[in-house]
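Next up: some structures, all given as structure tokens.
Look for subunit A in each of the two complexes below; its partner is subunit B in the first and subunit C in the second.
Presenting the complex of A and B:
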């Protein structure tokens, strides 16, 4: 696999940075690839625009910034509006479908996959785990990180005592992602 | 000797440069940090404060950077390995005490996670504009050592080296990170304690009465004692003689200032730490350090794809500057290209060392983000013409 660039965007409080951290950790530690994570956020703790850039490669990564991602994961309308013009034509768009409505700004040939991640998280008992649902969805749709790696990364990244809930959230997103990917390719 | 296993978090981690720098300090044996948290360096002290109770040591959040930079020196004379952590605005406040550390020869590490300046500038965004400040910032003549990591892994590895150098040479050592390296997350491998070499302070074996704090041998680095061991010592920021007592005359000044400069200058060759890639036979050599070296790497690769002979010289230890190396490379080159996140600081040093034997092309950037690789490529192409 050559270099893959990923942008994750949302609001402060949605767990944007943690979700990117988990994707990078899965690739870098458990899938034995190279990964860099760069994060940016506003001065507010909650509600400000927040995004992270993950690069995954089989070789050492020099330039760590993501300008035109191959994969865009968005959890808020603002993040969608800000980053959709940067998505590579033919890239993947993964979005929270209850919060974001797609429009004509989606670049040509983009493979778009929506998930009601917040609703799924609420059904699991805590809205907070929507980011982990998105992480599972990412792994299911793109296959860029193995399920085993992402599971290990979730287990070692979430607060102690919340592993079960988070792993259920991961599985929910992953299965939904696999199903959508299967349906779109068939 | 080997690192104390209590401070070593052996394993494979996915952490940012700030956290890795803290782990490097703990592995190196740092057991006292005084600081006044400031973006983008806060995570270093935040982690230290949470880790140190289980390792055994002290973190003090001081009232400001002036107090931080003097508290660490007190702790050093009490026998601890010490550091303080800051960014540009804090570093400016610390300058007076950098001079004190230099004249009293107190081993200490100053971490500077650089952000855009001057003044409060760009708190959350990168720069590399403090490179000359750490060399020249305090008044008077003295020498320092400065290292520039380009990845979280190097934040760990080089931090151990920084502490070892501080102990070996008894100078303030500057750890010149930048916001991107500090906040970028990557895999960091921390080896077992027995694979980490740490330098113990050079304690004197002389008994009280015979020991004189600033007596030296050919290394020019005096032996140390610590408070509480029964030695009566006097440590002062005034010009002093071998006994440590004020001696404010030209003879004592000459001996002291020459020695604290010479102890680094005479070891300058040993202190060269660079990474060279394709420098031999190159027509153009890009000189870079820190985060800019990674961006420059992309530009160098593209220039090579276009058939140009371009080498890359990365400074790991920035001060003392590898002047002989640059001087010797210069005659066979069309030019040096020096990209950095400032308006041309180390470019001046490259130019000085090249001494007219080749051109030096600065690629300045005011900071706030990194160069576009294309901007560096353009200057490489210009240099090769």
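Presenting the complex of A and C:
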């Protein structure tokens, strides 16, 4: 696998940074690859824009900053507006489809996959796990991290006592992602 | 429909017997009625309905809705030996609270079955987003109080003389509560996307 650059964007309180940490952890610790993480916070916690940059490679990563991601994961309209022009043509766009409407700014050849992650999280019992639904969706659509690795990364990243629901959220997003990926390739 | 990951689950009791815990299905009506009818009267007196009546159990089956009442059955050799239920309200100011009710067959009392049922029900409650659970126990139900205490329940209120036993003696009803919202406060802090020391 060549170097893959990922940007995750959303609002503070959506768990943007945690989801990026989990993706990086899955790749580096459990899939035995290299990964870096850069995180950006807004001036306030809740409701302000925040994003994270993850790079995954099989070789040592010399430069961790992501300017033009191969994969863009967005959970809010602001994040979509800010980062969609930076997505590489032909890249992957993973977005929260109940919050974001795609428009002509999507670069050419981009493979776009939407998921109602917030709704799924609410159906599971907690809106808080929306980011974990998104992480599962990421793994299911892109296959950049194995399901076993992402499961272990979630288990070791969330508070004790919340693992079950978080793993269900992961599975919900993963299955949805796998299905969309299968349908798009057939 | 509520997801039912984790069930059925086999549990080995303190005396070595094993039981299977699983959610009740519409096919369980007959055996559930047998279970309730086999309970001694003194164990049934604190239940909220006359569960020895067929129409009551038929209603349980007919109105089966895991998001409103989640019934977890304990089964041993094809016989129901325990029933624990998680009651939630879908509307109003207490949708975050659920009530646990539980009854165990006499031969399986003091074997750890009550604790096992309650543990799995609490786990299920956390999974479906419940913040707080309550259980009503009568002051002399020492075993039940101990089982709930082991799972983090504490005595939150006492309703004096709220129930009458078969001898007509008024007894206190203890409301035990378990607030699990702290589990999710930790998760909330994790997804806050904020660090006072880290910035761009």
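Going forward, the second predicted complex is superposed on the first by the 186 of 186 C-alpha atoms of A that agree within 3 Å, B and C clash if a C-alpha of one lies under 4 Å from a C-alpha of the other, contacts with A are read in each partner's own complex, and residues count from 1 in each chain.
The rule we apply is simple: a residue touches a chain if its C-beta (ideal position, glycine included) is under 8 Å from a C-beta of that chain, and two chains touch if they have at least 3 such contacts.
All values reported here derive from a predicted model rather than from experimental measurement.
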Practice problem: Scan A:158 for contacts with subunit B and subunit C and give back first, second, both or neither. | Solution: second
Practice problem: Tell me which partner A:39 touches in the superposition: subunit B (first), subunit C (second), both or neither. | Solution: both
Quiz item: What's your read, subunit B or subunit C touching more residues of subunit A?
Solution: C
Quiz item: Given the touch rule stated above, what does A:25 touch, subunit B (first), subunit C (second), both, or neither?
Solution: first
Quiz item: With the two structures laid over each other on chain A, which partner does A:168 touch: subunit B (first), subunit C (second), both, or neither?
Solution: second
Self-check item: Partner chain(s) touched by A:124 [first = subunit B, second = subunit C, both, neither]
Solution: second
Quiz item: Where does A:16 make contact in the superposed view: on subunit B (first), on subunit C (second), on both, or on neither?
Solution: second
Exercise. Name the contact category of A:69: first (subunit B only), second (subunit C only), both, or neither.
Key: neither
Exercise. Could you give the residue numbers on subunit A that contact subunit B in one complex and subunit C in the other?
Key: 39-40
Quiz item: Once bound in the complex, which stretches of subunit C touch subunit A?
Solution: 3, 5-6, 123, 126-130, 180, 183-184, 186-188, 190-195, 198-200
Quiz prompt | Touching residues on subunit A, where the partner in the complex is subunit B | solution = 21, 24-25, 28-29, 34-40, 43, 62-65, 153
Self-check item: subunit A-touching residues of subunit B, taken from the complex the two chains share
Solution: 12-14, 16, 124, 180, 183-187, 294-295, 297-298, 301, 369-370, 373
Quiz item: Once bound in the complex, which stretches of subunit A touch subunit C?
Solution: 10-18, 39-42, 44-46, 50, 124-126, 128-129, 131, 157-162, 164-166, 168
